[in-house]
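In what follows, structures are represented as structure tokens.
The same chain A turns up in both complexes below, where it pairs with chain B and then with chain C.
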Partner chain A sequence: MSRFRPPPWLVLLLPAIIILTAVVMIPLLLSLYSSFTPYRLTRPETLYKWIGTFNYEKAMKSAHFWAAFGRTILLLTIALNLEMLMGLGLALLVNKVTYGQRALRTVMMFPMMFSPILVGFQFKFIFNDNVGLVNNALQSLGLSNVAIPWLVDGQLAFTAILVAEMWSSTSVFAILILAGLFAVPRDPIEAAKVDGCTPWQSFRHITLPYIMPFIYIALAIRSLDVARAYDIVQIMTNGGPARRTELLWTLIGRTGYVDAKMGYANAMGYISIFLAIFFTIYFFRKLNAARSELGMAG
Partner chain B sequence: MRIRKLKSLLCATALVAVSGHAGAGEFDGVTLQAKLIGGQQYEALYARIGEWEAKTGAKVDVISKKNHFELDKEFKSDLAAGTLGWCVGSNHSSFASQYPSLYTDLTPYLTAEFIGEYVPSNIAASKIGDALVMLPRAQFDVSALYYLKSIYEDEDNKAAYKAKTGRELAPPDTWDEYKEQAIFFTDAPNFYGTQYAGKDEAIVGRFYELVISEGGQLFNDDWSPAFNSDAGKRALGWFVDLYEAGAVPPGTTSYLWDDLGQGFASGTIALNLDWPGWAGFFNGEDSSKAAGNVGVKVQPAGSAGVRTGWSGHHGFSVTEACENKEAAASLVAWLTNEDSQKLESSAGPLPTRTAVWDHVVSSAEGDAYRTEVLKAFQAAASHAFPAPQTPYWIEATNLIYPELQAAILGDKSIDEALGDAQEAVDEMMQENGVY
Partner chain C sequence: MAQVHLQKVVKKYGSLQVVHGIDLEIADNEFVVLVGPSGCGKSTTLRMIAGLEAISGGEIKIGERLVNDLPPRHRNISMVFQNYALYPHMTVRENLGFSLKIAKRPQQEIDKAVDEAAQILSLTEYMDRKPGALSGGQRQRVAMGRAIVRHPEVFLFDEPLSNLDAKLRTQMRTEIKKLHQKVKSTIVYVTHDQVEAMTLADRIVIMRDGYIEQVGTPLDVFETPANTFVATFIGSPPMNLLHGRVTGNEIAIDGGPAIGVPEPFTGKVQEGQKVILGFRADNLMPYGHAMPMESGCAEFDMTVNLSEPLGTETLLFGSLAGKEVQAKMLNPRPVADGERLQFRLDLARCHLFDADSQQALR
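Moving on, here comes the complex of A and B:
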């Protein structure tokens, strides 16, 4: 009688398989299943009622969901572009510094050390219409004699959130691009100088292609970050007023945990995940293209 | 003979337990896990848990202390995960109906006489159907009108108001007068006539009580929404008119209770409908610029002659899954008995037991401000009514408040906003199988 002996590769992979199954696969499958049920946290028995694609249809037909979806993409697009431009500028400036650069790099990373929740509270106070720093400064300087409703007006609130996001995360771009700048070889730049290239031409045709892979990595990381933006928005406006700053995850968070409608929240979550997947694929394609341009594609 | 002895012993034990004064060693070896609302203001009462432990021999293990919103999320997670091994939980009349299966009916563990010692309207608001799911503590909330006295004593104000309206200037008794005076007093951006909570359950609660005071209702008997009515439109119009007139701070739609409290204490708000817990803060020299200048009056009435009175109270509940319900009920009774309520209400909060009301009013004699506050809130309490007792109240408020905000900010007309809110709530109720 021969006993079953699993192949060595299976034995070696088994711990990883078990951990991944327990930590990732089971919750993922359970949440996917629950998105086909009317599951409410307060009524556990609803987890066993199958309602097909009702939640998905409801989300697809919901104007509020698509408005939040669109707003998230808008925030993503504007925030990523502005952060990238500012981060690039910051990195180029810091790269020029010859004395105290290390100290500057450390200071540049300070905003990344704050919890997003605290950043939210900080900017909520700064933009408060009555006691906030911005309005007080504007009124003291004689630039305004009214209380500007920063967190109430749709566009102003969006701007306020954008400022908070940029304050906390521009340094991600700056640090990664700075790392890219350190890796740019000196020879081609010096050769360009000898050939009479302007500073703009050497930046555009030599420096930029070298740092593009770093920019795309930063974009991919931050696109996932902004696509799941929740904490800062939750604290500053909670998606309001009148849904003017509602993003995907403030909507999904409220539906799941306050309204306790976890099935519906999961369905919206699964639709939203496609957004994150799309941006990740897009930026990784761009990254590979940039790498092959440099002859680095593997 | 032995059986009869045992029976009488059991009866005696039960009697002692239901009276809220458990006998020594009665629950020896029992450990109760509790999830309680946290905060400095509640600690004095929790110190009495030690006395109950000494009396009964039981132990209380407080495994969670959070505010009600966080507790609410934790209870929902517990229900979902089935982690219901704990026994005693803090509860609130506005949240209670969301957990119909979580808490047990306390009636079998208490005498009718003991229950009769609480204010009847508070007991009614502590029930889901016929089940008494919590015992109210001395943390009763209903809003009355706070105002700055000085602006009503100002001769220029009196003359200008008389010239404008033909009436004498006095704190308002109707919501129309309130609106008119708020607009009259406003001198933005330095001084505003009033302010209101502008989001979440807070604004829907205020809207709810205004709808009632206008003669309408938020829900029909079958829980279908009923606020898209003339009364509902008048109620929402009150919020919209004040915002449009600039009589409220422009950020009011993002304000919650703390912002309102701080706003009135800054001395830049003339009229403020607010909760009793702020009375001391508003008149405190260290905490408020309005100190010494605060008047308190019963809340105004709507056009139907009904006063607003959305109320809520804290309480303690016992879980259905608790293995020692007698011990847990005894603890809950102890924490809300006369001595406990006297202790809690001595710091300012309003009691929910008739005898304790008499006690706090008589003990405030000689303190003019405290007496004014208590009389105003005693009158306010007589008009109180609870939040709608449906498990979908909070979910409904999450559908209603963005629409109210949309009307206030001018994104939608009052008719559109109420129509959309009514449609959303109707759909939600049907989806949940309510009708």
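Moving on, here comes the complex of A and C:
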């Protein structure tokens, strides 16, 4: 009798293929499929009912979805820009320090060591309208005599979330930009000084082009992070009150697990993925442009 | 008009002093080369003139202006760096015009100055390339072009040729010399290569360990070195130095022959004085292969350990009084290792140094 002998490459790749299929391919295909069904976690049989693109159409027409989509983009834009500027400033300051710089660098990374959940709880306390630090401080200083509803008013809550987000992640920018500053060669800076540049002009024309690739790497990483923002918002406001701070993933999470409408949640998830993909591609394009500017691409 | 005056200039890093109060006067349009071994303070001195290093003591004046506390941008200087220090994100044209753009000059003037510099350095073909797409020599020319577009009062060169290969270095050396003739400006040039120093300089400043050892024209420092350091540093192969003691009107080389006190030094040495006799390979030649010697010469035998034929001449390595001595053979014939030859030493071309102070006896 002849036995089937698979070719060696297949045998060698088989473990990887099996694991990737089980861990990535099946869940991915299943979720994609389920987005075309009215699948509800509470009624498993709904998984077998095909409804075509109904969920996608529903999401596209949903005001809640687009509000969350817009708010996520808003958070992403504001948070990334502010974090970038503050991180840049922080990195430039730390780069000037000659004594104790290592210790400072370590301290600078402390916020990255906390779980976002804990950061959420901490800022929820800080911004609490009755016992929170912010209101207490404002009242003690006589700057305000009312309890400002930090986490209730839509815009204030958005600001509070923004502050928490920035506190926890500005150091990502600071660390990456600092690495970039370390890599800037000394000679061109000195040449610029001799060529008549003021310190600001040296920074603008020489240092900045050198650190742009690092800034874009940080932006790419952080854009993925913020586009899937969930934990801090979930803890601080749970997307509320009355959806005033709803972001894409708090909406999707609630739809999928609380309302148990997994099919619909998956459809929104697939639309949202494009947001993350768009920003990643955008920043990588920028990164490559900045690198080839410096003659580093190859 | 830009002279450069250095007066008692000191550089300290913490408690470590690296430049010990040097004095130097550089005339307008003069090409001065600072030369010395690594760590002698020559680059530090140049960077202090540029304003890239703070001055710990003394005074530096450019023209009539005291520049001690002026930042580089107010000193009206340009500098060419060892690693070119081009701006990698700018094209050659932008690199050349950068300083003028920063100074907010009208575009027309910038274009004119850039084109002129490109013409002088034959860079016109590469104007739209970035430094990454240029060869070492081309980059070096861009660096020089960037320096000349501004018509500064003083050019500073910090070992500009040390990253180039030998052939290109010779070529660029000539171009720098031509550039000096064209742009007529004061140049301070740092190198550790004594050939560059000799060929380029109007005056050479030889430095060691943060002190100036000698200042003079290239021929000056070659023919009348102030001390044994200058004697061995300038000239290739380095000057032969032999220790000896004055006895009567002869110098008894330690463990070697006695040689008559060269004429210029008679009466300037004392009986029993410890001296160092210095002579170049060019003045020690085997009998029959030598230049005619004007006045007195000393003759002695020496075994040749090694010979290096160079074509027009052969360099001979022998040992005299236990020390290696180099000699030259004109119209060379093959010399076998271990061959014993009779040598003639041109006494008129010998140097004498005091053994204790290492300073030249004059």
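Quick note on the criterion: the second predicted complex is superposed on the first by the 284 of 298 C-alpha atoms of A that agree within 3 Å, B and C clash if a C-alpha of one lies under 4 Å from a C-alpha of the other, contacts with A are read in each partner's own complex, and residues count from 1 in each chain.
The criterion applied here is as follows: a residue touches a chain if its C-beta (ideal position, glycine included) is under 8 Å from a C-beta of that chain, and two chains touch if they have at least 3 such contacts.
The structure displayed is predicted, hence computed values, not measured ones.
S.K.: Based on the shared chain A superposition, would you classify chain B and chain C as clashing or fitting together?
M.R.: Aligned through their shared chain, the two binders fit side by side on chain A.
S.K.: In the superposed arrangement, which partner chain does A:177 touch: chain B (first), chain C (second), both, or neither?
M.R.: Touch partners of A:177: none, neither chain B nor chain C.
S.K.: Using the touch definition from the top, say if A:201 reaches chain B (first), chain C (second), both or neither.
M.R.: In the superposition, A:201 touches chain C alone.
S.K.: Does the superposition put A:229 against chain B (first), chain C (second), both, or neither?
M.R.: Neither partner.
S.K.: Does the superposition put A:237 against chain B (first), chain C (second), both, or neither?
M.R.: So A:237 only meets chain B here.
S.K.: Based on the superposed arrangement, let me know which partner A:191 touches: chain B (first), chain C (second), both, or neither?
M.R.: Second partner only, chain C.
S.K.: When the two structures are overlaid on chain A, which partner does A:42 contact: first (chain B), second (chain C), both, or neither?
M.R.: In the superposed model, A:42 contacts chain B only, not chain C.
S.K.: Residues of chain A touched: more by chain B or chain C?
M.R.: B
S.K.: Give one of first, second, both or neither to describe whether A:262 is in contact with chain B, with chain C, with both, or with none.
M.R.: first
S.K.: Quick one: smallest Cα-Cα gap between chain B and chain C in the superposed arrangement, Å?
M.R.: For chain B and chain C in the superposition, the minimum C-alpha gap reads 52 Å.
S.K.: Going by the contact definition given at the top, which residues of chain A touch chain B in one complex and chain C in the other?
M.R.: The answer is that chain A has no such residue.
S.K.: In the complex formed with chain A, which residues of chain C make contact?
M.R.: Residues 50-52, 71-73, 77-79, 81, 83-89, 98-99, 102-103, 130-133, 146, 150, 156.
S.K.: For the complex, which residues does chain A have touching chain C?
M.R.: The contact residues of chain A facing chain C are 185, 187-188, 190-198, 201, 205-206, 209-210, 293-295.
S.K.: Please output the residues of chain A touching chain B within their complex, sorted ascending.
M.R.: Interface residues on chain A, with respect to chain B: 38, 41-44, 128-131, 139, 145-152, 237-238, 240-244, 254, 257-262.
S.K.: Across the complex, what residues on chain B touch chain A?
M.R.: Residues 73, 76-77, 79-80, 82, 98-99, 101, 188-189, 198-200, 249-251, 253-254, 263, 266, 268, 391, 394-395, 398, 401-403, 405-406, 408-409, 411, 431.
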